[in-house]
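Pasting the structures here.
Each of the two complexes below includes chain A, the first together with chain B, the second together with chain C.
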Partner chain A sequence: MDGGKGKGKCMDGEKGKGNAWMRSKGRGKYADGIRREGDMGEVRFQARMYVSLLKMTMKGILEYRADFWISLVSVVLLNGANIVQISVISWRFHALGNWGVGDLLVLYGMFMICWSIFSVFFRKLSKIEDEIVSGSFDIYLLRPVSPFLQLVGGDINYTGLCDTMMGAALLAVGLRMAGVQWGIGHILWFAVFILSGGTIVVCIRFLISCVTFWTTRGSALSSVFTQIYLLIQKYPVTIFGRAFRVLVTGIVPVAYLNFYPAVYLLGKPDAPAWLCMLSPVAALALVCLSAIVWRGGLRHYHSGGG
Partner chain B sequence: MISVKKLTKTYRIARPQEGRFAALRSLVRPQYTVCRAVDGIDFDIQDGEVVGYIGQNGAGKSTTIKMLSGILVPDSGSVEVDGLTPHVDRKAHLQNIGVVFGQKTSLWWDVPVIDSLRILKEMYRIGEGQFRKNLEMFCGLLDLDSFLGQPVRQLSLGQRVRADLAAALMHDPQILFLDEPTIGVDVVAKERLREFILEINRERKVTVLLTTHDMVDMEKLVDRVIVINAGSILYDGGIQGLRERYGRQRRMELEFEGEPPEISLPGVQAGKQKDGKFVVTFAQGQYAVDEILSHIRQGGVPIRDITIQNADIEQIVRDIYREGGRE
Partner chain C sequence: MRVFGSWFKTEMRAAGLYRADFLLRLCYSLIAMYGVCSLWRALYRQDPGLVGRPLPAMVTYAMLAVALDIIFYPSALKSAPQNYIADQVRTGRIDTDLLRPRDLQFQLLVRNAAVALFSLLWLVLPAWLLGVFFLGMELPAGVICTAAFAASIVLGFLVLFSLNFLLGLVCFVTLDIRQITMAYSGILTILSGKLIPNWLYPEWMQAVIRLLPFRCIFEMPLNIYTGVLESGEIVRGLLLQGFWALALFCLGRLAWRKVHKYLAVQGG
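On to the complex of A and B.
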C-alpha cells in the first residue's frame, strides 16, 4: 500500500511542477473561486483523489458480487496451493556455488514481493495502449487530477496479494534456513529494498507502456523483460557473465529487485555493501526518467479515433 | 472567450510495411503517412454564443475540440480559452470547461451515476451547496432522478448522455464543448437534450461549441455555424447567411393529373424521381416561382398538388462539401 502511494506521489511531482509554473505565471488571473494551495496541499489533494479512485474501483468490483466472492475463494485456494508450491520449490532448488537453498528462497521471495506491488496496484500500466485506443485516456486528460493517478487508480488486483503472501512466506522460510539473525538496521533496509524494488518494477513496466505514445502498437520489449525476470528471480546474477551483470545493475536495474537486497541482507560476499545500498538511487533515477518520458508522451499523445 | 489562430495539427500515421522483416523494419525505421487534421484555422467565439461546428467525418472537428480542451497539443498556432492556453494551464483550464463526447462516457461504468457525480465533486473541489443546487437543477431539467442509483452500464444511450451532460456541468463551467452529443439518441431524447442545452445557455450564459451531423440540431440550437472540411474552414457565419450563400437552389415537387409535361428552360432541372415524384429545381435569383409555374401550365396538364421548399441545411452542407472537394 505504502509503496503504491509513495509511487503515485513521486509521479505526480512532475504534474506539481507544471502547476507551480502555471501559478507563478498566472498569479491573480483567475480569482474566480479556484482554490490555490501550496505544493504540499496539492500532493495531499492528489493522494486523497487516488484513494477515492481506488474506492470507486472497489465499488465497481463489488457490483459484481458473485465474481468478487469467487475471486476471494480462489485467493484462499491459491494460497493453499502456494504452501504446496513453497515446499516443492524448496525441494527443487539446489545450492548454486556459495548460494544455499535458503539463500535462493530469499532471492525468490524478494522478487515476488516487489513484483506483487506492481501487480496489485499498478497493473493498469500494462493497459495504456488499450486505454489510448478506446479513448478512455482522453477522459483522464479532461479531469483536474493527475492522469497517471486516474490510470493506476482504475484497477486494484486484490488477487495479487496472494503473491505478496507467498513471497513473504518464501522469504521467512529462506531466512530461517540461512540462519540469519536480523537487527534493526536489517529491518529498515528491508523496507527500503522493497519500496525501491517495487518502484523499479513499476517504472520499467511504465516506460515500456509509454512506448505506445510514439508507436501505434506495443513492442516486443515486454517479452524481453519477461525473459530477464525469469532469469533473475531464481538465480543470483553472479553466475551470469559480466555483461549481463552490468546490464541488470546499471542499465535496467532489475538486480535491485532481489539480488542486491539478498546479498546485503544475507551478508553474501558477491557484491560490496555500498553497491547494494544504491537501490533507492536506482529507483529514483527511474522515477525521474519516467516523469520525463511521461511528459514527452503526453505532448506527443495523438488520441484515438476522431 | 475562445480565440484560435493559425491552429495546425498534423498526425503521423505509421504505415505498415511489407516484405521481409517487416515488423522489425517498422520498429527500427518506421514510415509515416502525414495527415493534416487541422490546417491553419482561425476563429473567435464570444461569451454566450452557441456555435455549431460541422464537417464530414475526418474533417478535423474532433481534433479541434481536443485541442480546445487541452487533450491534444497543437503543432503550431495558438489556442486561448478564457485567457488560458489549454495544454499549458491544464488544471485551471479544466475548471472552466465541460466536455461531453457523445461516443464515450466520462462516467464510471460499473458504479451508480450518483457516485460518479460525487467523485467529480471531489476532483473539481465543488462545495456541498453548489453540488446540491446543481444536482437539484439537473435532476429537474434532465430527469436524472429515475436512474441516479443505477450503474452507467445499465443506462440507455439517452440516459447516459443526460448523465454525462450533468457531470460536465456540475462544476459550473463557463464553456461547454459537445462532440456529437445527440448521436444515436432517439428523436424525443434529442429534443430534450436540445432544450437543456438552450436552457443552460440562456440561464447560465454558458458558451457552447458543438459538433453534430444532425441538421435539426443546427437549426434549433445554433446562432452561428463554422464549416470545416479537410482541416480548413469553409464557412463561418450565421445560419441565415449560410442559406443565402449556398441555399440558392429551390426545389418544387409536383403531382399531375396525367403525364408530366416537358420542361425546357435553361438552368432548370426537371424530371421524375425514383419515388415517382416530379421534381423541378431552379436557382433562386434566376426565376420567380410564377415564371416556372406558367411555363408548366403551357403544357396543358392540370397540376394536382405542389410543394415548394428552400434547400434544407443538409443539402446546403452537402453542396459546400462538394465545392470544398473540388478545390
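On to the complex of A and C.
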C-alpha cells in the first residue's frame, strides 16, 4: 500500500516534468539552439521550471521528517556557546560599548535570519565547486533551462528553517529587552534589510564558488569568510579598527547583514541613517557583480571531468 | 615501540600534504585573533577593573586561546578519536582495528599526537609569532613559565584526547554521535576557558568548573603562560592536569575493555 503510494507520487513528479519539458519544445523556443533572453515568455518559462524543480525536491525530502528535529537541536547547540558568551560578557560588563545584551541578541538574530535565506534556498551554490571539479556541471549546460536555476532548484533545505526560527526567537527576545517600539516604517525597513542581507550572503557564497571556474579546485576561501561572519554576527562592528570597518562595509558588505540594520532599527548612534539605508544598493551591486562573474565563468568553463 | 614510531611518521607526512589549506587555516586563526583582541580592548576601555587582568595579559590570554584552538578544538584533527571511531563503526570497518596486534587506544594516541605536533609547529607557532609581532601578544613570563607551559600543553592534550576517546566509545552504544559531539563541543567551549576566561563567570559556576576536567585544556596552560600563577599554584595546576589525564586515560581503557567484550559477543 505504502509502496504503491510512493510510486504514484514519483510518477506524478515525472509527468509534471515531462509536461513542462514538452511544452517548451512545442513552443519551439530552442529549435535553433539560441537562447532568447529578455523575452517575457522566456522569463515565465524559467520561473515555472524553477517551481517545478522545487516541487520535485520537496517531495524527495519530505520523506525524512526526523531530520528537522535533529537539525533544530543542532542549531540550538551550535549557537548555544556564542549566546552564553554574549550573556556572560553583558552580565559582567553591562554592555559591549553602547550595545546592551538585548542589542547584541538583535545583532545575532538578524544575522541568523539573513543567513537562513541562503541555507534554505541556495545551499546548493556551495556545491558548484564539486560539480565543476568532478565535471558533472556539464549536465546543466546541456539542458534548455538556465544553469543557475537548475543549480538552485535542485535543492531546498527545509532544515535551514531552524536557523530562521532561532534567529527570529533571538530577535524577538532582543527587541523586548532593548525596549524598542517599532512603527510601520521600521517594519518595512526590516523587510528590506532581511531581503538585502539574504541577497548579500547568497551573492558572496556564489562569488566564492565561481572562483572555481578559474582555479578548477575547491576554494577553501569560504572558511576564511566563516570567521569574518562569526565576528560580524557576535560583535558590533564599531569595536573593530577602521580598516576592518571599511572592509565589511565597502568591500565585502557583510556588515549589512546585521550591523547596519540593527543600528537603524534600534536607533543607535554608531552609524548615520543614510549609510544603513544603502543596504539594498550594496545587495544590488553584488547581484550585478555576480551576474558578470557568472557569465564570464560560464564562458571560461571547460569541463574538468573525463 | 618501533610500530608506534612509524605510525607517528606516517601521520606527520600525511598532515603535510595540503599546503594551500594550511595558509588559509592560518588566515582563519589570525582573523579570529584580531577579533578577540578588538573585543578585549573594547571591554577594557569600558571598565579596566572588571577584566580582572592587565590588558596585555588579557589580550595574550584570548589570542593564545584562539591559536591553541587549532589543535585543541575537539574535532580539529582529522584522526581525532571520536571521528575515527564513528567512521569505523558506521562503515563496519572497526573489526580491522580489533585484528591489529596493537591496542586501539595507544594507536589513536600516537597518531593524534603526530598530527597535533605537526599542527603545533606549522600553524600554532606561526600564529603565535604573528600575534607577538603584530597584535601585541606578550612573551611567556620567564624560563620556568615557558617550560611549565610546554608541559601543561602536553597534559592538556592528553586530557582532551581521553575525553574524545570516551566520546568515541559512546558511538558503540548510540551508533551516531553527531548531535552528542555538538553538545560536547559546546560544553567544552564554554567550560574550558577558551571563549570566556573562567574568572568572569558567576561564583557558583566557577565552583562547578573547578570540579570538572575541562579547564585543564585551555585555562591551565594559558594561565601559566600569562604568568598570573605563583610557582606553588603552577605545580598544583600541573598535578591536577596530570591527575585528570591519568584518570581519564584509565577510564577510557576500562570502557574500551568493556566495549571490546560486548563487541566480541555481537560479532559474527
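Basically, the second predicted complex is superposed on the first by the 229 of 306 C-alpha atoms of A that agree within 3 Å, B and C clash if a C-alpha of one lies under 4 Å from a C-alpha of the other, contacts with A are read in each partner's own complex, and residues count from 1 in each chain.
FYI, a residue touches a chain if its C-beta (ideal position, glycine included) is under 8 Å from a C-beta of that chain, and two chains touch if they have at least 3 such contacts.
Small disclaimer: the values here were computed from a predicted structure and weren't measured.
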Partner contacting more residues of chain A (chain B vs chain C): B
Which of chain B and chain C A:L142 touches, first, second, both or neither: first
Partner chain in contact with A:W274 - chain B first, chain C second, else both or neither: neither
Touched partner set for A:F244, first chain B, second chain C, both or neither: second
Residues of chain A that lie at the interface with chain B and also at the interface with chain C: 220
Touch list for chain A against partner chain B, complex: 18-19, 22, 26, 29-30, 34-35, 45, 48-49, 52-53, 56, 59-61, 63-64, 134-136, 138-139, 141-145, 215-216, 219-220, 298-303, 305-306
Sites on chain A touched by chain C in the complex: 70, 73-74, 77-78, 80-81, 84-85, 88-89, 91-93, 95-97, 220-221, 223-224, 226-228, 230-231, 235, 239-241, 244
Touching residues on chain B, where the partner in the complex is chain A: 11, 13-14, 27, 30, 61-63, 66, 69-73, 83-84, 88-92, 94-95, 99, 101, 103-104, 106, 108-111, 115-116, 119-120, 122-125, 151, 179
Contact set on chain C toward chain A in their complex: 20-21, 24-25, 27-28, 31-32, 34-35, 38-39, 41-43, 46-47, 50, 178-179, 182-183, 185-186, 189-190, 195-196, 200-202
